[in-house]
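For reference, the structures are reproduced in the following blocks.
Both complexes below contain subunit A, partnered by subunit B and then by subunit C.
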Partner chain A sequence: MSYFSDIYKGIKTLLTGMSVTGGYFLHARKGAITQEYPDNRETLKMFDRFRGEVVMPHNADNRHYCTGCQSCEIACPNGSIEIIWDRAVDPATGKKKKKIDKHIYHLSMCTMCGLCIEACPTDAIVWAPNFENSVYDRSALTKVLNQPGSSVLDGIED
Partner chain B sequence: MNFLQMIIPLNITKTISDWISSIMPETAASYTIMVVIAVAYLALFAVAGLYLVLLERKVAAWFQLRIGPNRVGPWGLLQTMADALKLVSKELTSTIKIDKFLYNLAPYFVIVSALMAMAVFPFSKQFQAFDINIGVFFLIAISSIGVIGILLAGWSSNNKYALIGAMRSGLQTISYELSVGLSILTMVLLTGTLQLSEIVEAQRTGGWLILQGHIPSIIAFMIFMVAGTAETNRAPFDLVEAESELGAGFHTEYSGMKFAYFFLAEFINMFIISSIAVVLFFGGWLSPFGITENIAWFPEVIWFLIKVLGLIFLMMWFRWTFPRLRVDQLLTLEWKYLLPLNLMNLMLMAIIIWLNWTI
Partner chain C sequence: MTDQQVQNKIKTEEYFINMGPQHPAAHGVLRLILTIDGEIIKNVEPDLGYIHRSIEKMCERDSYQQIVHLTDRMDYLSSHINNEAVCLTVEKGLEIEVSDRVKVIRTIIAELTRIASHCLWWGVMGMDLGALTTYFYAFRDREMINDIFEETCGARLTMNYNIPGGLMFDIHPNFVKRTKDFITHFKTKIPEYNLLLTDNVIFHKRTKGVGIITKEDAISFGVSGPVARGSGFSSDVRKHHPYSAYDRVDFKEILFTEGDTFARYQVRMMELWESVSIIEQLIDNIPEGETKTATKAVIKLPKGEFYQRVETARGELGVYINSTGNKNPYRVKFRSPGFSNLSILNHISKDVMIADLVATMASFDFVIPDIDR
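Let's look at the complex of A and B:
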């Protein structure tokens, strides 16, 4: 008798599936997930976990969190990060301390793996939801993440 | 000459045919009229096919919570027109080792057999190009010619994916043709005629056939829709062009307009299957409960189109809901379930008619 119960079950599951898609169909006009991108450029909000490019946030006084420890440079599997660093006397303690001169990030080589961000002990670098990365010259994709004249925030140690 | 009676309002066709007959001898006139009707049908269904493609894309988008084509023309209405223009302008490429003659012949086989079937449908009382008394039989015969085109395409492309796709198509059509035929036969038992216009007329007094035949009719309708979807090679029965396994199946090697013929034929076939279902189960061009029966100017073709679009929507619903079947599942479904059910259903229908239990 399982023959007929198979048919019954088959029809039932098919109808269940159809009611699910039918429900989608009915409220597609309101709930469409399509982003009409160039039109809604102003209001478009990317998702929290979107990986666009690596950036280094600075506060209002042009200070950042990067101590120049080079963990990110070592963690990067394809050498997309280069850190040019220096030593300078820290006015607070009077000792010589490592500091970054330039945090160079090659967006053209980055695979968005996120290992650098995980490796950073001070959370100095984060993901930015910025995806409009096309440029006419690939040298424009080599970016210096610390802003000119910026310095590390006082008291940040790795 | 009943193929002269087309499109009712204003009697344009009658005027044209009178005019042609007046300037030509009898035989020349009838040939001219045939050509005119053929060209009209060709143009009509090419455009209808294009709009079915657009409808499919819109419906698919809505099923997937997307928006669908909305850039070309208002609401994207000109999208498929633009696609067709693009395809016409494309180069017709082919590989070196193809069988040239068959390769070029195959798309025409598919599209011509699809268009030929259109001729016998009674879109309304007067809008029917060719009303033969074996209409249903003609339809079944024509609709299985298309698969020869698919087999030819797969074979002549000299490409293993194309050939696998074509063989699957052959397999599928041979199996499901049985179900289509038997479920149609069940309904023909009820009407006792193969002529499509008379099948429609039989529903004027007794109500639509799906109601007249109640249980066996409903079962026949369900089987017909399943087998009909399989006949058109659409998902969930699209093993023939299974993109993930076979590239594009039998039309892998086709480009430009020849590809477009295959594509268009799929949509016209969908229209044909729905039209057969409308004529056999839902009263063709008859209005529901006869609400427009006494309004003389009302174009009954609208009812036909509404019903056909409803069934086409159902097929699209299938397509965007169900996953593709495996080959063995396909054959199990046909030979283990649909065919025995269909035979039982045929018996049931015969008994019901014999005992006069129809409504």
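Let's look at the complex of A and C:
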């Protein structure tokens, strides 16, 4: 007898479950959350704090905030940042001052931990929301963050 | 000869098969060496090391701020709770007290993490037992939590939001609203989960009486988390050794005494309600205050040993730091819940069917990088 009652209960609970899925099937258009990526590239907006890659913003005159202090390089747990720096004579004071030559960022090694950005005293580096980072060659993921010919804004001290 | 006599006469030979390291029913690269007699399992030998990244060794190289982000990659479904464990240990060593605001925010996010983790487990548990639908429903709801994390922390899984001394930055202005929306939404969805899977008779037949762990075994094997509580072993760190804001919220420790797969399933389902209730108690009155207690740029722990345990979604995570007073720890050891829970698998899987082993493993909710580290 329990054999038949088992079959009955099995079918009954199956139908209970199907009533849930059936309910969604009938209201399929309501509350659909699927995003049609990549067709929605134009309208897709990531959250402000989204960690995509580290970038260094430059202003219209090709100036940035990086003094070459190397705090980010020291903070990084896996050596994703290399700072190549130089000394140059500061025209205002006539003294030699540290300046950034190349801020090299290895995106391929970065774990998006955010420690470099926390460590930067002048907020020279920030997160960018770009997440489409697949490339054919690994070397394309090694980036120089300061643009060629750029220099640090006047009056930025670490 | 009767059938029985014929069967006794036919000798079957035991043989080995590998379950994993790449197996659709194993959640990651865990290799189980099964000794089987027909369909009956005689011995289960877990073989580890396929995703060993020597996180403990790497910690000896890193500064205390840098250790935190490595623990994201242990039990990635409880990443925030792992981060919290390391931060609490370091804070203990430095003898600094974080503000109430930090404690409450950490607790809320930890409980959201727990819900997200249990959602994923629920979907995958159904899938392991042949009910694919659960996966989609669970992921729909988990997505909302991931959005909350992404907006506040910047990442969905490996968040690295905690730092020794507090939080990396304050919560996003939308955080409270989004969390409340989620809670309202999720409270209508848990009954749906029950209709879909919990009440299903086929599911009962697959899970009831399967993989029974007695309370004595649970204690002697060092099992923790929902697995231990399914056997009636009261082991919730949040209850027994409250940390962060758990001492100011009211919640029940879920205990079941059957010790079978279905009991472990029920523990997690009830824990969803408890997590929801904890968040509801805290979300409306997040105290004002600092989100960071200032620490030195180079943290040096005093000479000595420091230990802190927390309750992750899988069980008890212990962080042991041995410091010689340098800027790097001398030794770091993680007592991960998955590793201890795995140790009992052989004990309870003798003379069961292979399909029952799959059900048992699903109810253990293994995250393999947590076992291997």
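The rule is short, and it goes like this: the second predicted complex is superposed on the first by the 124 of 158 C-alpha atoms of A that agree within 3 Å, B and C clash if a C-alpha of one lies under 4 Å from a C-alpha of the other, contacts with A are read in each partner's own complex, and residues count from 1 in each chain.
Here, contacts are C-beta pairs under 8 Å (C-beta built on N, C-alpha and C of every residue); 3 or more make two chains touch, one makes a residue touch a chain.
All values derive from a computational prediction rather than experimental measurement.
Using the contact criterion defined above for the overlaid structures, shared-chain residue A:Pro77 touches subunit C, although it does not reach subunit B. In the superposition on chain A, the chain among subunit B and subunit C reaching more residues of subunit A is C. In the superposed model, A:Leu14 lies in contact with both subunit B and subunit C. In the superposition on chain A, A:Val55 makes contact with neither subunit B nor subunit C.
By the touch criterion stated above, A:Met109 is placed in contact with neither subunit B nor subunit C. Of the two partner chains placed around the shared chain by superposition, subunit B is the only one that A:Arg29 touches, whereas subunit C remains out of contact.
In the superposition on chain A, A:Leu153 contacts neither subunit B nor subunit C. When the two structures are aligned on the shared chain, A:Phe47 is found in touch with subunit C, with no touch to subunit B. The interface of subunit A with subunit B overlaps its interface with subunit C at residues 6, 10, 14, 17, 20-21, 33.
Interface of subunit C with subunit A (complex): residues 62, 65-66, 69-70, 133, 140, 143, 147, 150-155, 158, 160, 163, 168-169, 172, 192, 195-197, 199-202.
Contact residues of subunit A toward subunit B in the complex are 6-7, 10, 14, 17-18, 20-22, 24-25, 28-29, 31-34, 36.
Contact residues of subunit B toward subunit A in the complex are 59, 61-67, 317-318, 320-322, 337, 341. Interface residues of subunit A facing subunit C in the complex, by the touch rule stated above, are 6, 9-10, 12-14, 16-17, 19-21, 33, 47-51, 75, 77, 111-115, 118, 127.
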